[in-house]
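The structures come next, written out as C-alpha cells.
Two complexes come next, and they have one chain in common, subunit A, joined by subunit B in the first and subunit C in the second.
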Partner chain A sequence: MISVKVFKISSYSDEDLLRLNDELDLNLSLDELRAIKKFYSEKSRQATDLELHTFSQVWSEHCFHKTFKSRIKFGNEEIDGIFKTYIFKATKELNKSWCLNTFSDNAGIIEFDDRYAIAVKVETHNHPTALDPFCGAHTGMGGVYRDILGVGARPIASMDYLFFGPLDITNEHVPHGFYHPKITVKRVVEAIADYGNKVGIPTVNGSMFFDVGYVTNPLVYAGCVGIIPKARYIKQPKPGDLILVIGGKTGRDGIHGASFASASLSGVSSEIYYSAVQVGNPIEEKKIIDAILRARDEYEKPLYSLITDLGGGGLAVAVCESFKDLGCRIDLSSVQLKHSNMAPWEIWVSESQERMLISVPKENLEKILEIFEEEGVGVNLIGEVEKSNRVSVYFKEEVVGDIDLNFLFKGIPLPRMKAEIPKLTNQEEVLLEDEEDYTQSLLEVLSHPNISSKEWAIRQYDHEVGARTILKPLQGVNGEGPGDAAVIKPLYDSWKGIVISNGGNPNYSSDPYAMALSAIDEAIRNNVSCGGRRIALLDNFSWGDPNDPLELGKLVLAAKGCYDGAIAFDAPFISGKDSLYNVYHDGKKSISIPPTLMITAIGIIPDVRKSVTTDFKRSGNYIYIIGFTYDELGGSAFFKLKGINGGKIPTVYPERARQIYDRIIKAIDRGLIKACHDCSEGGIAVALAEMCIGGYLGAEVNLDKIPTNLTRKYKILFSESNSRFIVEVAQGYEREFEHLMRGVSYAKIGYVISEKELIINSSKKKIVNASLQDMIRYWKSTLAF
Partner chain B sequence: MAWNITIISKDKIYDPNSIKLEREVFDIFNKKVNSRYAISYIIEGDFSEEEIKKIAENLIVDPIIEDYFISYGDEDMKLSNIMRASRITIKYKKGVLNPNDEITFINLKRIIGERLKGLYTIHTYYIEGASEKDLENIANKILANRLLHEVKIEHD
Partner chain C sequence: MKVKSLVIRAEGTNCDLETVEALKLAGSEVDLLHFNRILRNPSLLEEYQLLVFPGGFSYGDCISAGKIFADLLGAGLRKELNKFVEAGKPVMGVCNGFQVLIKLGLLPFSKDFVQQASLVVNSTGYFIDKWVYLKYNERSKCIFTKDSPNVIYLPINHKEGRFVAPEKILNKMLENNQIVYQYSSQSGDVEERYNPNGSFLNIAAVCNEFGNVFGIMPHPEKYVNKYQHPAWTRYQNLKEEGEGILIYRNAVNFARKF
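== the complex of A and B ==
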C-alpha cells in the first residue's frame, strides 16, 4: 500500500511552515517556503510530500547554485549573480568556436579534432566524504564518470584533488564523530583506486593538500575526461519518447543527499544524515558504460534521444531538468526497488548510485532493450515525454505529484545577499637574516606534506589502463619524479593529445583575488610545461558559509580573479561547480575550511611525441630559468616551515606570462627543450630538486644569475612567484633557444651534472649542497604509510 | 536459517587485513595489538552440509592459504580455538547494499542456481592487547562507520 502525505500548505503560518520544513527535512528558507505556500494558494491545491521534496532538492544550493545566481551587494557594487557576472561572462566574451557546450549539460564539451570532441567535468563530493571517507570518495568518482557518460562520452581519464587535515594532528584535536586525517587519507585513496581500477579508467592527474581547516571537512574533487564523436552527441527528447531508468536498483541510500550537501556539519550530523551516505558499485557502472556506448554507436544514430546521470536529488532533479522545456508522465511503481516499502517520495529523491536516465524514441525501444539485456544492465520503463509543461508523477494509477515546471525553475525567490570587502591581511614584508646554508631548509620543505612525493597514493591508482596515457603522474629514470600534467592520446589513429593539469593553493586565500589568478596561472603553466595549448578551464569552489558576508566577499573576489584570469590568458571556462557550507559547528564556534579554488586546465598537444617531462635528461645540458622572481613568499611553504605569517601573496602579470608561455610552446615544438618544470610551491629550490630526483642526476646553478631585484638568498630560493619555469636545453641548442626567449626574462643559471647532488651557489659560496639520496629520502618520507 | 562459511588465513600466512589493522592502530593510537581477520559468508538456501562444503572448497576458499569452518544457523560463529581474544564483528546494516556481496551473490547464483536465496558477509577481527576503550576506538575510528555498519564488540 503506497503512502502519500498531503499538506494544506496554503493555510500554514510561518511557524507551521518551519515545523514542516524540519519534519520533512526540506532545508528550505522561510522565503522559499512562503513562495511555495503562495503558489499552492493561487492554485487552490494541497501539496504532496513528493512535491515538497522536489522543491527541496531542485532548490538546494547543490542543484540550483543559489549563491552564484543571487544578487549581491558588494561595497558600492550590485552584482547580478557571481556566475553571470564573472565566470560565464568570460566565456561569452571569449566566444571560442571550439567551445561546443559550456555550462549547460552534465559536462563541458570542447572540440578535439574535426571528428571528435572532449567532455570534461570536475565534481566535488565533500559532505559525503566527511561522513564516510571511503563511500564519499568512491561515489564521487562514480558520479563524475556518469557525468561524462551523461553527455554520451566515453570516460578515458580521471583526476582527483584532495584536501585533508594534518597527518600529525593528535587524537585529542580530532572532534568527536570525525576520523583522524590519516584514516581519511587512506580510505579516500583506497576508494579512488577501487572505483577507477575496477571500471578501467586510469587516474592520471591530481593533487593533495593538508591543512588543519580540513580536519572535519575533507574535500574530494573528482574529475573525468571523456571523448565523443561529434556526430553522436544528442540531447533532443520529443513528446512520445519513452523514459527509462537504467542501472542499479533504487533504495534509501543517498536520500536528501543534495540538501545535505548544502548544509553545515556538526558532531551529530552522523546521527541525523544516516541515509545521506551512498555506497558505490563500480562493476555495475562498468556494465552501464559498455551498454550506453553500444547504444550510442551500434546503429546509424544513437538509440536514445537524451541521456543524463541520476545524481544529486535523484529522479526529482534529473527528470525535471531533462524535460523542463517539455514535460512528462512518470510511474514510480515501475522503478525496481531494493526495499519493498519505499514511499513514492523516497523513490523520487533517492540517490542510489549507478543509475542513468534516458529517453528513447518508441521505434528504438526493442533494440536498446536488447543491448541492455546482453550487457546485464537493469532497465525500468517509467514514463513518457509529453508537451505539458509539467511533470505528472504517478504510483500505478494514483497521482502522487503534479509539478509545475515553470514555477519549479522560475519561481524560486533568490535571496539578496550582502558581501563584505575583505581586508587584505598578513601582507607585510617579512625580513629574515640570510643563513649561510639552506640545505636543511630545502630538505625540510621537500618533506612538507603539500610538496612531498605522493607516490604512495599514485601507485594504488592504475594510470595505464586503456593504453592512452603518454605522460604519467610519476616520471623519470626510476619513475619517481613528479609530473606537471598528464598527456593522453585518446585516439589510436592520431598523434594528437589532451593535456590535463590543475592549479590551486589555499595558502594564498588571505588574498582571494590573487589566489584565483595564481590558480589559473599554475594550471595553465603546468599544461604549457608539457606542450599544452588552446586551453579551456574548469572552476571548482569549495567554500564556507556564504551567509557570512566576509566569506561571500572572498568568494566574489575569487570569482573576479577568475574572470580577469580567463580573459587575460584567453582561456574560457567551460564547466564548474561549487560546494558551499563547508563549515563545522562544535556548539561554541564555527570552523570554516580555507577558501579553496581548484582550476583544471585542459589543453591540446598536436603531437604527443613532442610532450616534455620534468626530469633532467643528460649531464652537461644547460639549465635555464624563464620568468622573473619577485618578493612573494606570502603563504609559501618556506614561511609555513618557519611559522611566519606574512609576506606578499604571489600575483600574476598576465601579459608577461603569455609571452613566456608562447615562447615555451614554440621551443617545445622545435624540440629545443629536454625537460621543463614549473616553479610553484617551494619555488626554484624545490623545482630544481624535483628535476634532479626525476632524472636521478645532479645540478649546479648560480643563484646570482636568476632574474630578480631581490638580494636575500632565501627569497630567491623559495619565493613562489608565478609564471616561471626551469628548463633543460641540450648543448648546441642554446643559441636558438636564447634567440627564441628574447623579450622575456630568462637566464642560463647552470648545468645538469652527473654527480648526485644539487649545488646552488651564490657569491661564489655553496648555499645549498644536498645529496640526491637525502633529497629523495626527505621527499618520500612523509606519505610513507 | 542459513549456513555460515567462515574463512581465516592459515597460521603464519601473511594476512593483509590483520597487518593493515595493526599498522593503523599503531599509527593512530600508538598502540601495539595482535589481530587475526576472519570473513564469514552467510548463505541462505536449501543446501546439505555436503553441498556447502563443496561450495566452500570449490568456489570460495583458497585451501593453500586459508582454513574454513562451517556451521548451520549460527551467524555468530566464534573461532575460540583461533585466538583467545576480543572480537569486533562488523556487517552492513539491513538495507545497505554491499556491492561486493551483490556481485558474489549474482555470480554464485549463476553457478549454483536458483536454490541460492541470499548471501551476505560478516567481518570479524580478533584482537589481543586492547582494552575495552581501545576496542571502541578501533571499531569507531578505524574499522567501521556506524551509519552503515552494525558493530558488535566483545571484550575478552
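== the complex of A and C ==
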C-alpha cells in the first residue's frame, strides 16, 4: 500500500494553509499558498502531497530565484527584476555571437573554436556546508560537475572560492551547534580534494577568505569548466522519447534540500535539517560521466535527446523543467530505492546525489543500455515524453500527482519587494603619520590569512589530472608563488587555451556598487595578466535576508555595478547563481554574512605557449608598474592590519582600465612581458613580494616613480586601487614596451636583483628592506596545519 | 605495422585520456577499453603487445588503493595476464596502475600472483600534487627506462604512494636492481628530505625481475611536452618534448618484437 495524502485545500482558511505549510515543511509564503488554493478551487480538485511538494520545490528561492525576478521599489526607482534589469540586460545588449547559450541551461555555453564550445558553471553550496562541512563541500563539487555534464560537456577543470570564520577565533565566540572555522576549513578542503581528485577533475583556481561574518555561515562556491563539440550539444526531447534516471539509487538523503537552502540557519538547524544534506560518491559520478560521454560520442548523433542533472528539488524540478514545453508521464514505482518504504513524494523530491535525467528516442534504447551496463551505471526507466502540457505522476497504476505545467511555471505570485538605499558609511578619510620603515607591516600583511599562501590546500587538490593544466595555481622556481589565473589547454591537438580567474572582496562591501565593479575588474585583470581575452563573466551572489530592505538595497547596488562593469568591459554574463538567506538567528538578533559577490572570468588565449606567470624571471630585468594609484585604502589589508575602519573603497575607471588591458595583451602576444602580476589585496608591496617569492629573486624599486598624486608612503605601498599590474620586461625590450604603453599611466620603477631581498626606496631611503627568507616564512606560515 | 597498446580502465580510472595521448605520441595504436569488456572476452588481451594500467581511483580505492581492481583482475584475468607477462610482453602501471600491479602480485616479482610489497598512505596523511626529481638506477634492466637521464622531473599526484616492503624483499630488489627510480634532489642525491611520501629507500618506481613489468608512482604521461612543466615560463632551454615520453617510447619500441 502506498501512502498518498490528499488535501481539500479549496476549503482551507489562511490559518489552515499555514498549518499545512508547516506540517509538510513546504516553506511557501501565504501568497503562494493562496495562489495554489485558488488554482485548485477553480479546477475543483484536491491536492496531493506530491503536488504540494512540487510547488514547494519549483517555487523555492533556490530553484526559482524569486528575489532576482521580483519587482523592487528602490527609493524612487521601480526595478522590474534585478536579473532582467541588470545581469541579463548586459548580456542582451552586448549580444555576442560567441555566446551560444546564456542563463537558459545548466551551464553557460560559449564558443571555444570552430569545433568546440566551453561550458561553465559556478554554484554555491553554503547551507549544507554550514551543517556538515565535508558532505556540503563534497556534494557541491559533485553538483557543479553534473551541471557541466548536464549540457553534455566533459568537465575538465574546477574552481572553488571558500569563505570561513577567522582561524584564531576563540571557542566561546563560536555559537553552540557550529563548527570552529579550523575544523570547517580542514573538512572542506579534504572534501574538495576527495571529490575532485577521485572524479579526476583538476582543481585549478580558487580563493580563500576569512572574516568573522562567516563563522556561522561559511560559504563554498564550486565551479567547473567543460568542453563539448558544438555539434554534440542537444536538447530536443520529442513525444514518445523514454525518460530515464541513471546513476545511483534514490534515498531519503537530501529531502527538502532546495527549500532548506532558501531558509536561514540557527543553532538547531543541524537537528531539524539533517536529512537535507546529501552524501556524495565521486566514483558513482565518474561512472556516469564516462557513460554519458560515450553515449554522446560513440554514434553519429548523441543517443539521448535531452540530458539534465538531478540537483535541487530532485526529480520534481528536473522533470518539470525539462519537459515544460511538452509534458510527460512518470511512474515512480520503477525508481530504484535505498529504502523500501519511501512515499511517492519523497522519491519525487529526493536529492540523492549522482543521478542524471535523460530522455532517449526509443530506437536508441538498446544501444544506450549496452553502454550503461558496461560502465556499471544504474538505469531506471521512469516514463515517457508526451505532448500534454502536464506531468502525470503514477505509482504503478495509481495517480499520485497531476501537475499543470502552465500554472507551475506561470502561476507563482511574485512578491513586490522594498529596498532601502544604503548609506555609504565608514568612508571618511583616515590619515596616518608615515612610518620610517614598512618592512614589518609588509611581512604582517603577507601573513594575513586572506593573502598568505594557500599551498597547504592547493597541494591536496590534484591540479593537473588530465594533463591539460598549462599555468598551474602555484608558480615559480619552487612552485611557491601564487598564480593570477589558470590556463587550460582543453584539446590535445590544439594550442588554444582557456583562461580561468576570479575576483571578489567582501572587505569592500560597505560600498556594494564599488565592490561589484572591483570584483569584475579583479577577475578580468587576473585573466589579462596571463594573456586571457574575449572574456565572459559569471556572477555568484551570497547574501543575507532579502526581506530586509537594507540587505536588498545592497543587492540592488551590487547588481547595478555588475551591469555597468559588464557593459564597460564588453564582457557579458553567461551564467550565475544566487544564494540568499545566509543569516544566523541567535534567538535575539539576526546576523547576516557580509554581502559576498564572486565574479568568475573565462577568457581564451590563442596560443597557451604565450601565457605569462607572476614569478620574476631574471635579475637585471626591468620592473614596471602599469596603472594609477589612488587614495583607496578602504577595506584594504593594510587597514585591517592596523585595525582602521574607513577610507575610500577602490573604484574602477573602466575606460582607462580597458586601454591598459588591451596594451598588456598586445605586449604579451609580442613576447615583451616576462612576468605579470596584478595588484590587489595588499597593493603594490604585496604584488612585488609575491613576484620575488615565485622567482626566488629580489627586487629594488623606487617608490617615488610610481604614478600617483599621493605623497604618504603607506598609501602608495598598500592602496588597493584597481586596474594595476607589476610587469617584468627583459633588458633590450624596454623601448618597444614603453612605446606600446604610451597613453596609459605607467613607469619603470626598478629592476629584478639577484640578492634575495625586496628593497623599496623613497627619497633615497629604504622604506622596505625585507629578506626573501622572511617574506617566504611570513607568507607560508599562516595556513599550515 | 604499428604496435597495438591496450589501456585498461575501470570505475574511477581518470588518467586514461592522457595515457592514450602519450602512447599515440610514442607511435602506438591505442585501444582504451573498460575492464568489464575484457572480462567478457579475456582472449582480447592476445591482440595487444603492450598493456597499460593508468592512474585514478579504481573502485574508489576502497579497502586500499588498487586493491579491488587487483582482486578482480586476479579473479578474472589471471591466466591471460600470466601468459602476457611470461611471454615477455611489457606491462606498465602508473600511480593507481602501480598500486594495482603491486596488489595483484605482478610487482615487484611476477611470480604466482602473491603480494609481496605495498603502497600505503603517505606519511603526511595527505594527498599531494607536487613535481619531484627522480634518480635513475642505470643498472636496472627495466626495458621502459632505457637511456633515461640520470635525473628526471615528473609530478606525483597521490595519497597512497608510500612504498613499503619487508627487508628481505627490499634486499632482493636491490640485488636485482629492480628499484628503477628514487626520489632525489635535482642533482640526484637520494636523501630522506627529498622523500615526499615516506617511501622505503625513497622508492618511486620498480620493475619486476625480468624488467618487462614496470610500476611508477609519478606520472610520465603528464610531462610529454614542455608546457606541462610547472615552471616552463622560466626556462628557455627546456626541450619541447617532456621527460615522460621516453618511457612510453621505450615501451612501444620494445613491444614491437611481439
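Everything below uses one rule, namely that the second predicted complex is superposed on the first by the 785 of 785 C-alpha atoms of A that agree within 3 Å, B and C clash if a C-alpha of one lies under 4 Å from a C-alpha of the other, contacts with A are read in each partner's own complex, and residues count from 1 in each chain.
Rule of thumb we're sticking to: a residue touches a chain if its C-beta (ideal position, glycine included) is under 8 Å from a C-beta of that chain, and two chains touch if they have at least 3 such contacts.
A quick note: this is a predicted structure, and the numbers were derived from the prediction, not measured.
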### Three-chain arrangement built on subunit A, subunit B and subunit C clash or fit
fit
### Task
Tell me which partner A:Q460 touches in the superposition: subunit B (first), subunit C (second), both or neither.
second
### Message
Nearest 10 degrees is fine: what angle do the Cα centroids of subunit B and subunit C make about that of subunit A?
### Response
50
### Per-residue contact with subunit A, leading partner among subunit C and subunit B
C
### Query
Should A:E375 be classified as contacting the first partner (subunit B), the second (subunit C), both, or neither?
second
### Query
Touching A:V349, do we find subunit B (first), subunit C (second), both, or neither?
neither
#### Entry: Touched partner set for A:A667, first subunit B, second subunit C, both or neither
neither
### Message
Touch test for A:I524: subunit B only (first), subunit C only (second), both, or neither?
### Response
neither
### Query
Can A:G251 be said to touch subunit B (first), subunit C (second), both, or neither?
first
### Query
Just subunit B (first), just subunit C (second), both, or neither: which does A:K489 touch?
second
### Query
Of the two partner chains, subunit B (first) and subunit C (second), which one does A:G200 touch, if any: first, second, both, or neither?
second
### Task
Determine, under the contact definition given at the top, whether A:P282 touches first (subunit B), second (subunit C), both, or neither.
both
### Message
Considering the aligned complexes, could you tell me the closest Cα pair distance between subunit B and subunit C in angstrom?
### Response
5
## Note on the structure
Note: overlapping subunit A surface for subunit B and subunit C spans 281-283
### Query
Considering the complex alone, what residue numbers of subunit B touch subunit A?
23-24, 27-29, 95-99, 102-103, 141-142, 145-148
### Task
Would you mind writing out the residues of subunit C in touch with subunit A in their complex?
9, 11-12, 14-15, 17-18, 21, 34, 36-37, 55-57, 59-61, 126-131, 155, 157, 159, 219, 221-222, 224, 227-228, 230-231, 233-234
## Note on the structure
Touching subunit C in the complex, subunit A uses residues 193, 197-200, 281-283, 286-287, 290, 374-376, 458-467, 469-472, 474-477, 479, 489, 492, 608-609, 611-613, 615, 617, 675, 695
### Summary
The residues of subunit A that touch subunit B in their complex are 131-132, 135, 171, 179-180, 182-183, 186, 248-249, 251-253, 270, 273-274, 277, 279-284, 338-339, 352, 785
